[in-house]
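Consider the two complexes below, in which chain A is the common component and chain B and chain C are the respective partners.
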Partner chain A sequence: MLFFIAKRLVGVVITLFVIITLSFLIIRITPGSPFSQERDVPVEVLEALKAKYGFDKPLHKQYFQYIGNVVKGDLGLSIKYSNRTVNEIIKISLPKTMQIGFLALIWAILVGFVGGAIAAVKQNTKWDYGLMSIAMCGISIPPLVSGPLLILVFALALPWFPTSGWGSWKHVVLPSISLGSVYAAYIARLTRGGMLEVIRSNYIRTARAKGLSEKAVVVKHALKGGILPVVTFLGPAVASIMVGSVVVEKIFNTPGMGPYFVDAAFNRDYFLLMGVVIVYAVFLLLLNLLVDIAYGFIDPRIRFE
Partner chain B sequence: MQQATQLKETQVQTNQNTIVEGVSFWQDAWKRLKKNKAAMISAYCVLFLVIVCFFGPFILNKFFGYDFSTQDLAYGAKPPTLKHPFGTDYFGRDLLTRTLVGGSISLMVGLIAATVAAIVGTIFGSVSGFFGGRVDNLMMRFVDVLYAVPYLFLVIILVTVIERVNVGSIFDPFNTVSEVLMGLKIFEGRLILLFIALGLVGWLTTARIVRGQVLSIKEQEFVQAARSIGVSNTAIIFRHLIPNALGTIIVYFTLTVPSMIMQEAFLSFIGLGIQPPNPSLGSLISDGAKQMQLYWWTLVFPAIFLAILLYCLNFVGDGLRDALDPKERKE
Partner chain C sequence: MKIKNICLFVALSLVFACTKKEENAPTPNGSESSAEQFFGTTAPKHGKDEIWINNREEPQYMDPILAAGVPDGNLAMNAFARLVQINPETSQPVPDLAERWDVLDEGYRYIFHLREGLKWSDGQPLTAHDFEYSWKRLMNPKTGAQYTALGYTIVEGGEAFGRRAVVISGFSKEAAIDTVQKTLEAKGVSIEKIKPKFQSTDLFVFVNGEGKDADDQRTKLINAITKSNALGQGISAKMADESVVELRALDDRQLEVRLVGPLPYFILLSEFTCFAAVPKHVIERIAKENNGDESSWVRLENIVVSGAYKLVKENFKIDKVYEKNPFYWDAANVKTPRIRVLMIETETAAMNAYKVGEIDWTGPHEVPAEQLNQVQNFKDFHNDPYLGVYYYIINHDLPVLNDVRVRKALSLSIDRETITKNVLAGSYIPYGGLVPDGLAGYKSYQQELYNPEKAKQLLAEAGYPEGKGFPKFKFKYDTKDIHRLIIQAVQQMWKKNLNIDVDMVNVEWKVYLDDLQKHNFEIARQGWIGDFLDPYTFIELNLSNSGNNHSNWKNAEFDALVEKSNQESDLSLRMQMLHDAEKIAMEDQAMIPIYLYTKTYMLKPFIKGFYKDYQDHHLWKHMWVEEK
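Presenting the complex of A and B:
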């Protein structure tokens, strides 16, 4: 078990290293420069700016320096938001993104799991069809559509929540509803599928045959079948929720990491962009590892390799 | 397909008085699809939406003189009326026309990007699965790495790079058609490249799925038979492996279309996709969201239109999966 985790951690570090190298190369080789936006900058100023960020050195030296700094935990200076380090920007903005993301995920798991379980138990009834149609709606309504519509209804027509900004708990509600609905829908479908697979298996029949109540059969045995596909889905889902939050944060004007990401990519804010990519990658890789570990606990048939 | 057909033939219940013809995999799938009412209704809805999106602007222009780009600032934004069922936007343009043109652009994006993704994913996945071993390992690690890089980052970089590429006149015939119908060259410069950029980033899932399929197909007897009579690797991949994985490829293609439409909408929303005055559903929603306090209809109609389009496409994709992938089939 410990050996498995250690082995996977080494894999995570290697993948991360490859991602950093690849992103570094992609950002630097493609045309566009962080300074091209400013017009009529004297050559001396431009040179001084380049020297400040180390862009006057050859690329491979910059690369090794950057890798060295990343290992030390220093992600460099932002170019657009001068005088602010990337670490600082991420430290302030990441918790906001995470708040919205985790709230979205929690309600998506709760609603999705319960909905999917009900649909599976009442398969081919009105409940099943109704819930699965709602789930299909959820999948077809991306945050891009649901976000503005939620603002229109629950912030403008009915003044229950603020339209945008950050501060109180009310600011988090609409963004996380908008962000989580797609995932709730996916989780409901996965739960239903997973449960239907086991509901017909022999051990469920045995449980029924020995006189267990229907409730106990569902809660003690069938639900387990629904958990596994959901757990598999959670790893990539968390990462895509982080990316999805870019839209939501733009719509709701949340000062999270999303807007910085888009800005940095537009402005070629090299270090900020790299920093954001690294944070996303770390999240995804660690969560996938966590999912694999959780697997072993939920389903002992899956052994750690 | 061969082996699926054989299976089916043995399963067909033989009745002594009637001659039973073998049912091919595709006929069988078609029968299953026809039985799925939700999928069939959505398929007709998609067909309807496609026709309306591509021919609607032409008709609106012929009979009412509406046009997606001509401005009438004096008229300005008006709520829905009989004359303009979706209302007009800030510049006095008919919103129905703009939504339909936007819908056709979104559909084109979905189709082209999903096609690119399917081609790249299929070739990558089948090569990886076919050669196996170290090649497979390396290629799949590459996919894993790309999975961990946020696609948004790749798309933004790709879009800014390929903006400088000149595609020349390859797409001229298509442009003539789209100009007659919508008064807009869909395949011009940046737009077509955006389609391709989305496709180039969206092939990862298809590659994984196709690889899995190929891994199981290549162990079967007919592939060994082909190899024993000296068929080349390329021919085995293209003549035997890919056709047998076609069902799965089609399923993932149809599921990629709505997700590509969603991503184009998102890119247009952050200002990277369509450039004004050309509309796409994403840019219309983005504009509508900025003005929703004053003109709610500029947001609501394009947003609902996009949701309906995605809903129907997703249902068709689901139905196709149930029909073409019997293993995945729900009860």
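Presenting the complex of A and C:
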């Protein structure tokens, strides 16, 4: 297994390098400059600004310098937030995004698993139809709709939670629910589908024939097999949930990392954009690796070789 | 059963929310009873000793000299004092850090007298030397200030320093500029212009080119003079440094500045944030500690201010807390001890936060257009005049649009009233001038707004009767719904009134800015917010040599009038000259004005000392919370 992990890690590093290189090039060939302004800025000032960020050097030199800095863990200076480094901005914003993401994930998994399992066990009953209808609504109602709706009900009509911002546990609740609801719905449907497939299989029939209780059959055997598709889904889902949602964080004015994917691109804040792309890529690659490892443990048919 | 209950609860909550809004909504005509109603809560969620306001976003720059956007300016103007401030009641300049100023040499020279005992927020003395340092720092291109030209174009010698001219010295008497230019050009130097130094035989030489090319030209020039003696023995050349700027501290309390002309708007301009003093002792220490990088001097742990409020706490992109600066000269009259500034980025989030009392003022955000009808009759809704014009620019290099009859036809066929009323929910004012009215007694020249018949006739005279043969051109705009909606309306008006077709081309903001600079458009939209309370801040847009003149409209008579107005010290004569210049621009349809901006915002009724301001500048030092 160690060899498998080491081999995959090498792959992760190579993929990451390709992602950084491609992103660097795409960002740089995009028209528009970080220093474009409505007001005419004298050439001499533009030159000074370019020199400050090293944009006066040839592109290949900038690239190698950037790669060198990334290897050292230095993601550069933000252009938009002039006295802050990208490392600092990510250090401040990522934990906030992760708090929301973590809570969203917990509630998505809990609700999704339980709902999906109940629907599968009570297939074709009112429980199944009811839960799956709710799940369908969850998938169909994106945070763009659920966010403002939650604010309308739980912050404006019933002043239980703040409308936006950051500072207390109350600020985390509504964004987490909004963000997690879509994932909860997906997980419920995947769990149900996975379990239904497993419940009809021979080894479950064997387990029942051996005289195991229904509870033991469901929890010990059916659920374990049923969550395989969920685990596949969770890898990339966790990665995207943990680096933040542009929509949710904009609606709730959360000072997290999500909005930088859009704002840094619009502002041509080259280093900040590269920084968040790298963080996302690292999350995605490592979580996919974790999913592959988890598969080996959950499904005995899969071997690391 | 439980699910049913939850559904019932959510449904009831929604009904409750909607019903509550209905109850609060005023009658459409704003009758007596509705006047008593407010959109948001009316009691503060905080004590009398603080105010919560919105700043729209985390500032890009906290340094007042670098501050460029509205969120930057709002924080900088409250933390860093200038020599002059604007009286919020009269809009006239009154002393701030300077207790008075002398106007000498017919308006060419000013001496500011600073108040006695001024101090920075760390207790260090604040002197005229700090101002000399700060203003020269503004003009220094290495500082990277976007407003650098605002400084160097008004102070004698400033342009030479700011644009890195070469100074030629050693002439025994006034040199013949033509001869010098010819001699240097013969040596292969590409010269933009040569200007004599004030009260000196020295010359400033400005070279053509950018970046390395310009540097090569400068080196070639200096070598031609110092090594090849192109201008004879004893003549030397070097790069202009800050000593060439005619700005100096005469002592700790007197600052002398010589202007390039008797610019009547100089005092108003000196109130602008970039003319604030910055603490030399702090900036130089930080630069020394960080290998020359001074940018962290504005961080919480380092920042030292001269204004009414000092930063005491900051959470990046969440909020900043400012407290009264006890060292500010007028601290006794600063009414509120603490200001909490929140960074609420979207208009809707700001409205929500305002409604429940999380902020007392929506700040730089506009009230969203879709909410205007809902809130405009509430007592806490405000719509004030704002120093800005929204207009369309025409690329005058294009042959079809270079015909004034075509430009006039395009302008006269736009029903601005319909746009402001139906597209913009009545928040802005239809306008037909280049300069907003009411600036220092200025009366704007207004062109006719809407006359489709005349428009048709003009287009026919230009050779396109009923729009026949008129080429389809492209209308470029940046990605924002409001621009799209207005242009769609204009597109229909042009089709209906002139029978001409226009394609809409939407590009992203930074690309749009690049396209404007490169004149890569046919017709485009633009908005301009004045920097200071003088018509010049708008008139300047159409000068032939202005970097902000994207339309490439050039008119020698206009340029000459504006230039003359800058040399005129009689205020009413000057205003007449500027009015005449505006008339020239409008009669030639240099651009197509659409509407005047106004500023919509929500403000809690318990906030007092909040004055309407043409520039939307609101100093916190005047505000306080009134308890019932």
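Here is the rule we go by: the second predicted complex is superposed on the first by the 301 of 305 C-alpha atoms of A that agree within 3 Å, B and C clash if a C-alpha of one lies under 4 Å from a C-alpha of the other, contacts with A are read in each partner's own complex, and residues count from 1 in each chain.
Here is the rule we go by: a residue touches a chain if its C-beta (ideal position, glycine included) is under 8 Å from a C-beta of that chain, and two chains touch if they have at least 3 such contacts.
A quick note: this is a predicted structure, and the numbers were derived from the prediction, not measured.
Asker: Applying the touch criterion given at the start, work out whether A:Gly54 contacts chain B, chain C, both or neither, answering first, second, both or neither.
Answerer: neither
Asker: Can A:Gly193 be said to touch chain B (first), chain C (second), both, or neither?
Answerer: In the superposition, A:Gly193 contacts chain B only.
Asker: Please work out whether A:Val246 is in contact with chain B alone, chain C alone, both, or neither, and reply first, second, both or neither.
Answerer: first
Asker: Considering only touches as defined above, state whether A:Gly296 meets chain B (first), chain C (second), both or neither.
Answerer: Touch partners of A:Gly296: none, neither chain B nor chain C.
Asker: With the two structures laid over each other on chain A, which partner does A:Ile151 touch: chain B (first), chain C (second), both, or neither?
Answerer: Both: A:Ile151 reaches chain B and chain C.
Asker: Once the structures are superposed on A, label A:Trp166 by its partner contacts, choosing first (chain B), second (chain C), both or neither.
Answerer: The answer is second: A:Trp166 touches chain C but not chain B.
Asker: Quick one: classify A:Lys80 as touching chain B (first), chain C (second), both or neither.
Answerer: Only chain C is touched by A:Lys80; chain B is not.
Asker: Kindly classify A:Leu285 by the partners it touches after superposition: chain B alone (first), chain C alone (second), both, or neither?
Answerer: first
Asker: Identify the residues of chain A that lie in both the chain B contact region and the chain C contact region.
Answerer: Residues common to the chain A contacts of chain C and of chain B are 31-32, 148-149, 151-152, 156, 250-251, 266, listed in rising order.
Asker: Looking at the complex, which residues from chain A come into contact with chain C?
Answerer: Answer in residue numbers: 31-34, 36-45, 47-49, 52, 56, 80-84, 89, 92-93, 130, 134, 148-149, 151-159, 162-167, 250-253, 255, 259, 266-268.
Asker: For the complex, which residues does chain B have touching chain A?
Answerer: Residues of chain B touching chain A: 141, 144-145, 147-154, 156-157, 160-161, 164, 258, 262, 265-266, 269-270, 282, 285, 288-289, 292-293, 296, 299-300, 303-304, 306-307, 310-311, 314-315, 318, 330-331.
Asker: Contact residues on chain C for chain A in the complex?
Answerer: Where chain C meets chain A, its residues are 3, 10, 13-14, 16-17, 20, 58, 60-62, 66, 68, 141-149, 162-164, 210-211, 214, 295-296, 298-299, 315-319, 342-346, 348-349, 352-353, 355-356, 358, 508-511, 513-514, 517, 546-548.
Asker: What residues on chain A touch chain B, complex-wise?
Answerer: Chain A residues touching chain B: 15, 18-19, 22-23, 26-27, 30-32, 123-124, 136-137, 139-142, 144-145, 147-149, 151-152, 156, 193, 196, 236, 239, 242-243, 246-247, 250-251, 261-262, 265-266, 273, 276-277, 280-281, 284-285.
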